[in-house]
Amino acid sequence: MSVIAFAKNWNGKFKNSTYELVSYTKKIADQLNTKLIVVSIGEVNNEDLKSLGKYGAERLISVNDPQMNILTSRVYSQVISEIAEKEGANIIVLSDNNSGKAIAPRISVKMKAGMVAAVQELPVSLDPFIVKKRVFSGKAFAHVQIDSPVKVLTIAKNCFGVLENQVDCLIEEFEPEVSKDLYKIQVLEEEEQKNKVILSDADIVVSAGRGMRSPDNWGVVEELAEVLGAGTACSRPVSDEGWRGHEEHVGQTGKVIAPNLYFAAGISGAIQHVAGISRSKCIVAINIDPEAPIFGVADYGIIGDVMEVLPKLTEAIRNSKS
Amino acid sequence: MNFEFTEEQLMIRDAARDFAQRELLPGVIERDDKAEYPTEQVKRLAELGFLGMLVGLEYDGGGMDTISYVLAMEEISKVDSSVSVIMSVNNSLVCWGIEKYGTEEQKQKFLKPMARGEKIGAFLLSEPEAGSDATSQRTTAVDMGDHYLVNGTKNWITNGKSASTYIVMAQTHPELKHKGINALLVDAKSEGVSVGPHENKMGMRASDTCSVMFNNVKVPKENRLGEEGFGFKLAMQSLEGGRIGIASQALGIASGAYELALKYAQERKAFGKEIIHHQAIAFKLADMAVEIEAARFFCLKAAWLKDQGQAYGHASAMAKLYAAETAMKVTTEAVQIHGGYGYVKEYHVERLMRDAKLTQIYEGTSEIQKIVISRGLIS
Amino acid sequence: MKILVCISNVPDTTTKVKFKENNTLFDDSGVQWIINPWDELALTRALELKEDAGNSIDEVSVIHVGGAQTDATLRKALAIGADKAIRIDACAADAYYVAGQIAAYLKENPFDIVFSGIESSDYNGSSVGAMIAEFMDYPGISSVTNVDLSNSEVVLYRAIPGGKQKIKVEIPFVAVVQKGITNEPRIPAMRGIMMARKKPLEVKPAVEMDVLTKSVKFELPEAKGACKMIDAENVEQLVDLLKNEAKVL
């Protein structure tokens, strides 16, 4: 018996979400009185691998193969399943991000393992194995029981937090045999938005809605985001109007995010929008309409014109920093 | 007795709702404010098939029943009656008459493009001095052998400017009074046709309403709808169906205003609680809900009779009267529930209240409906 | 080429979620059912691809696992323009079961491209598409934002954190699509609604397949405390509260 965490890297580096994943999985391993095995695929230097020891990674299996630097879900799922078989793992945990969403279902099928995506907290019960997940896009939670011997979870961001638990990290190299046939996808081009905070990673998000009145007014949103080091987001009408790109749309049919701090500027707070942000730790609403439903879900509220309030807020934060 | 809609009827209702919410709601305030004709929206209305939904499939229509039409009219009118009136006139007043009484040539030439929504039609009955009393037509169509020569002025014409085809009521035999009236299909581009300026209306400001003048307009004989002297009957029959459209429009205006008021009453707080928890507001909403439901039943009953091939003139007059009165009452209360916010354009209800007024006036005033209804009572 | 779009039937996104039987079952009384929004976008895109004559796509079908009460949703897909609908007659018990059923159909009735929405707005499993890919041993591409078939090869665009990728893939494959794949879902036209009546809606029996997970209980999120209002003239107070009370700055 053992518990596996898949530590994804981004160009050889881990992120905070990886540390949270390792912390979470270590906790489950402790609860089950079993061992945690962390799996890393692609080239990562030893120092970075070792850093996972800080969060309880006592054993790390590294597939240090440059050919695997680019994520291919078929290859990754095969490698992880192979290790899981070999190690007799019964719980496999991944982060609930794009790669986790692509790999976990494949592991589920390969190992005939029941899978639950976007788990919110530590298991509610270990026997039977029950986890809590977000359903109806955040409007409710379900307790899902997994009945198969092997279980696959992806965990939502900020579901547990990062917990330090220094252990010595023993690194083992592993060379799986992977058929060339599995590399059927060829990346032709890649485009990265430089110097932009990635929305799903952002700890602070400044989001704006139709209350901005015009796409030309977004300067004040971007300035506030800049002084906070925050990501920018928007409501559905704004992305539908083409004022901002779809990648910024937060809500039930857009991205579901869980930052520490979420600013909703000129967003009325339709139920679909709230579904996408309700897991934020702290919500600040700025709206001219005192009756806007967003105030019903916010922790702090300011009634006022976003075009006046945002620049003042930017200024106040700048001053508080200096 | 069965109160269930079919899957298709519900699908049409949902399609109309999606269209209204997605494509009519953005910009409806601005179009009303500027009295701007909804060109793009009418194009979409045509693409989706609403403009000819009642016309049979063989003439490129949607082949839908009248129940579906009521449901679609209600959903579209919840948001934008300036658009739904275009749909109502095209379907009930123009296409219906041609499909029912037109010759095969007339159907091929005039009905098909209108059923597809590529062209739209207008129904020209009212005159400066012949509104409710439609028998006193002064527009003349003199029989010149192979054609009619039309002279006169028509008033309050919905789609007056945007229509390509007119159905014009004109007097050919004044001595026969209303039995001398003919209904003529007139190409709006005919020589001698001129269109007056857009009326600056109180409500339904985005629909184009204007007068149309005829000065020695030649109309070929083959463009006459029905027999010689059938015009008045055709007009009255068309209006019977038209009333289902306008009743559904009034129903939509009422239910649109009610939905906004209900939502507002659950969000707005006064004296420490949402205003819906104050009886004064709760009872208003209860009254509104009851009257809207009753109006809906009237509309659906008239539509059902029409679909069953039974007489529906009496039922459609009742529906039109009741729904229009309900629309006026409900929209007024919706403004009241919104308080000061209700009086500004941003909250929609003031527009719905202005739009509601017209439903008591056009296609037969409420008073005319009472004449129709009361005449039907006399045995 | 043939495209198969996987459809799930979900409560309208404005639904107020309630549960019954001691919070063990979703209370579907008065619920309006719709095509899962992402699936509807996928279907719209598939139809756009078909309408573009250069792409030589001869069929766009939809598949769904559910009971007879979900036929209305499938007929809407037909009204929007799908050529054929297939319903696997079974309760959509969990993602593994649903993916297994669809894969079993695919093995008998091959398609070149399978579209699936990135998640369903009810159980938010976000796994059916990738599971189908695994059952079929197909490549699966996630977070797809555009599909281009205009050249001899299949080019997909997918969102990656902070950017996008242009990739080449060979058929058959599964594309898990997200928002941006097309602008807006289609509204069915009258003609489409009429024609839907004549299009095939095939009902297939389910194959033997395990169910690995089950929802045993539901709960609603805790109500949030009252919103603390701050004067617009006093944004410094907000900064102070965020720093010292909420401790998020």
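Points to keep in mind about this one:
Residue numbering begins at 1 within each chain, and the chains themselves are lettered A, B and C in the order written.
One rule holds in what follows: a contact is a pair of C-beta atoms (placed from the backbone, for glycine too) under 8 Å apart; a residue touches a chain by one contact, two chains touch by 3 or more.
None of the values given here were measured: they were computed from a predicted structure.
Across all inter-chain contacts, the pair with the most C-beta pairs is A-C. Chain-level centrality, scored on Cα centres against the all-protein Cα centre, points to C. Rounded to whole angstrom, the centroid-to-centroid distance between chain B and chain C, based on C-alpha atoms, equals 39 Å.
In this assembly, the C-alpha centroid of chain A lies 53 Å from the C-alpha centroid of chain B. Centroid to centroid, with C-alpha atoms defining each point, chain A and chain C lie 20 Å apart. Counting partner chains per residue, chain B has no residue touching two or more of them.
Those residues of chain C in touch with two or more other chains are numbered 184. Of all residues in chain C, only 11, 13-17, 19, 37-38, 94-96, 99, 118-119, 121-131, 133-135, 139-143, 145, 155, 159-170, 173, 176, 179-180, 184, 210-221, 224-225, 227-232, 235-236, 238-243, 246, 248-249 touch chain A in the complex they form. Within the complex formed with chain B, the residues of chain A that make contact are 241, 291, 293. Across the complex, chain B is touched by residues 71-72, 75-76, 79, 184, 187-191, 193-194, 196-197 of chain C. Considering their complex, residues 26, 267-269 of chain B touch chain A. If you check the complex, the residues on chain A that touch chain C are 10, 73-74, 77, 97-98, 101-106, 108-110, 112-118, 130, 133-148, 184-193, 196, 198, 200-201, 204, 228, 240, 245-247, 249, 252-254, 260-261, 271-272, 275, 278, 281-282, 284-285, 295-305, 308-309, 312-313, 315-317, 319-320.
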